């Protein structure tokens, strides 16, 4: 399915929650959505028979310096098409609803984004640090992250 | 032992003044020392052979730098283990932790006493030989269980529990599979059992070929014994890839060394029992070693016995390096659902055979056909 | 597993590595002039047994672990030297730190080292264990060398070192062991 | 598995498996809650090898990142090298000479063989048969020799470049490769005889940790783990990249031949069969490889246009997807690597519930995880 067609379908269904289509220079193209409605749009993308994006390839947190984003890469095993979905978040309180009950695969990716970016996924069934120790300070993949000097008395 | 002491006193006039019990005691200690030395040497050499065989099977070379062609590898390992720091974990049960390796080692070493190495080479020809072996090797399970419990380590505990369940389960088929030999010889003494397989039938005098049931019995015994010694398809108590190292995970230095030695001791005991009960023991085919002078007869029979036993050990090693490991429920199922019933059926078969054919085996009957 | 108090104090967080370098001028592993002949021979014997039976802890964290495995396998076969792997630190003499050590892993490394019985040796295999390797500059969570945590006897450079290099490292450790004095005057 | 509560009161115990454990394939830690030998919950704890590869990616240039991809999956470094090169080429729309693509395919497939060999070998070692592991390493050494001939290293190759490969194949390389294939292909039957269809081995794997196809898709499993559940999805066929469309090969899927579809045995068997397919691909690639340059002209300090690209390629442990955002400078703005092992660990807790401790080891082995892919 063409990205433009898909964008129009979503736009017709969700209205203002679907912001824009980011096609230039992006492969696959991204449908930018409002963070609050990520979950319903995700559910629609999965359940609509014409779309049936049944697998979440990747979920990444991104730090665009002025704002955060969460990028979802979706793929449909049935129709063999792919699309990106992106939600921009403010730097101060980056939080959006979880999609781990839509795609169970999202859980680890969300934990990773939480760990490395501090993005909170509301309603997640298990949102803990995944890679770094529990008592690690800060979120290393943020652009303003300062490397600590010591961790447990060992120089970093 | 006392008879030997009396003959010794009679032979050496110098000992006439010494009380008989002293001579007997000293003789006992001497024999024990000889067996200990033999057992330790065997276990050391066994570990080296194991590594060499493993190397061969695994397309490697195996130890070859320590001493000529790696011959001193076991010496180096042993000395190093003795000199290692002896760690007892802080929360371990100190007494039991220390005790466990001795149980295991004694259990495997004490069985050497009744092994019939040659026509006259047996430390104590107990009239309950097989029974005694089964009894003392059961000490091993207590030691393993103690080790697992006392280490205060969950992997060790799991290993110990597995070992207890496994060894207790497989004790039954092992015992049942050995009874045919006892029935044929009409004695529990291992020396009697070996003698019953002599005669002029050659290898067809062996219990292995006595009748179809004994033939089957041998394989049942071998399978069950492989499990009882924790060899690979059944090495669950020390499953390296599951339980790290099983019951001995917290043991270091010589305490671990004792476990290690006992493992090879057990292997030899199992092989020796198989040899004695099914493979004709020290009997030389078509030849009566008893007619030779004492020293030559014994040397020859010792050689024959050790050859057979080592061949069995090698087969065990071969199996060990070839097969994957069972899961614990499969292991239990194998024992209780297959081996135990089969050994009982087999025992019944042997008993009926002996009853119907008045104790004669197939080779014996064929031989009598031809006069 | 609890850390073992019998072992003495665990090495502190500070860097205690006064590790001898493997390569360099090695005095012959013979007797010193003042050594008693008996003691000297005992030393030789004990050291020989220790160097000939270096059971290493299977402690593979990253890339070097694969080379470590290959060094133990058919073509290189470290078993020739009497070096076999043990899964538990209690039965190991040699800790082959093969791979990157992260801060999350750091206290595990220390604990494993503490759990090993004396005499124990450490070989730091590969750049990551030596210095942090390629992650030295830009990574936030890699320990810059395992010698910040535990004393190291031999460093093997390489990313990862070839099995030949690893065997050379083990032989260097054997030379170090042969120089040790166990009896008589402390050397 | 039901647990009786009316009988003797028992207590669950918590066992810590790893990070230093012989069969966690590295420094994975699993917190097991068990009722005797039965696992009631197995929670993976990762990050013991988290080296911050994504952060490093933002601090180095595109060319400098190539060696780090070696360390992303050290068992399949070639595949990761090429995945990175393909991603950057997709972002910057660079044309790669045909010979370079063929060389990449050859090394990728050879590396798939050597990676699956480790998977096969270490799996049998986990199951208690140590010998096949050494046979697998013996074969792997030969692949290492080939790579050493090609780029001088045994494990971390750094062979691909943005716009090609670092150097042409040395004379004799292609012949040696053919020699290896002739030597290796019969070995697979030998392994099947030795261990694959061994009764104990089959009993240990069949019907253990069954993952149905829908679940595998929903959890995002990829690669052999997905195909083990019977889903014929292979990026080399379904989203063809490089010169893969030119080759004739089969997508191996689990068939449930010894148990239920999607059990450990199927995942294991998919890997064995894939080695055979890789041999086929390499044979064709060696036969078809054209002459020509092996590297396109790419400036040393290369700045791709502003843009975002997600490229996924079929690595031995599932798809490696690289999400690369360029802001037009010499460093990427963001680099996210989605790896097969990381995603696979998500389903671990679900499939291990109610299994035995020995099965947990079997599950870890059947997923063929590797820790740097999980932790990055």
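For reference, chains read A, B, C and D in written order, and residue numbers begin at 1 within each chain.
The rule is simple: contacts are C-beta pairs under 8 Å (C-beta built on N, C-alpha and C of every residue); 3 or more make two chains touch, one makes a residue touch a chain.
Since we're looking at a predicted model, the values are computed, not measured.
Using mean Cα coordinates as chain centres, the one most removed from subunit B is A. When the C-beta contacts at B-D and at B-C are tallied, the pair with the greater total is B-C. Mean C-alpha position of subunit B lies 46 Å from that of subunit D. Here the spacing of subunit B and subunit C, counted between their Cα centres, is 38 Å.
Computed from the mean C-alpha positions, the centre of subunit A lies at a distance of 25 Å from the centre of subunit D.
Per-chain CA centroids place subunit A at a distance of 64 Å from subunit B. For subunit A, the set of residues touching two or more other chains reads 132-133, 140. Those residues of subunit C in touch with two or more other chains are numbered 73-74, 87, 104, 140-141. The set of subunit B residues touching two or more other chains comprises 58-60, 240, 244.
Chain contacts in this assembly follow no simple pattern; the graph is neither a line, a ring, a star nor complete.
Residue ranges on subunit D touching subunit A, taken from their complex, read 46-47, 50, 52, 54-55, 58, 90-91, 217-220, 231, 233, 238-239, 305-310, 312, 319, 321, 323, 325, 333-334, 336, 338, 342-343, 345-347, 375-376. For subunit D in complex with subunit B, the touching residues are 13, 15, 21-23, 36-37, 124-131, 134-135, 138, 195, 198, 200-201, 203-204, 356-359, 361. Across the interface of their complex, subunit B is touched by residues 1-7, 45-46, 48-50, 52-53, 73-74, 77, 79-82, 84, 86-88, 90-91, 93, 115, 117-119 of subunit C. Against subunit D, the residues of subunit B that register as touching in their complex are 57-60, 154-155, 158, 161-162, 232-233, 235-236, 239-244, 321-330. On the subunit B side of its complex with subunit C, the touching residues are 51, 55, 58-66, 70, 72-73, 75-81, 83-91, 152-153, 240, 244-245, 248-253, 256.
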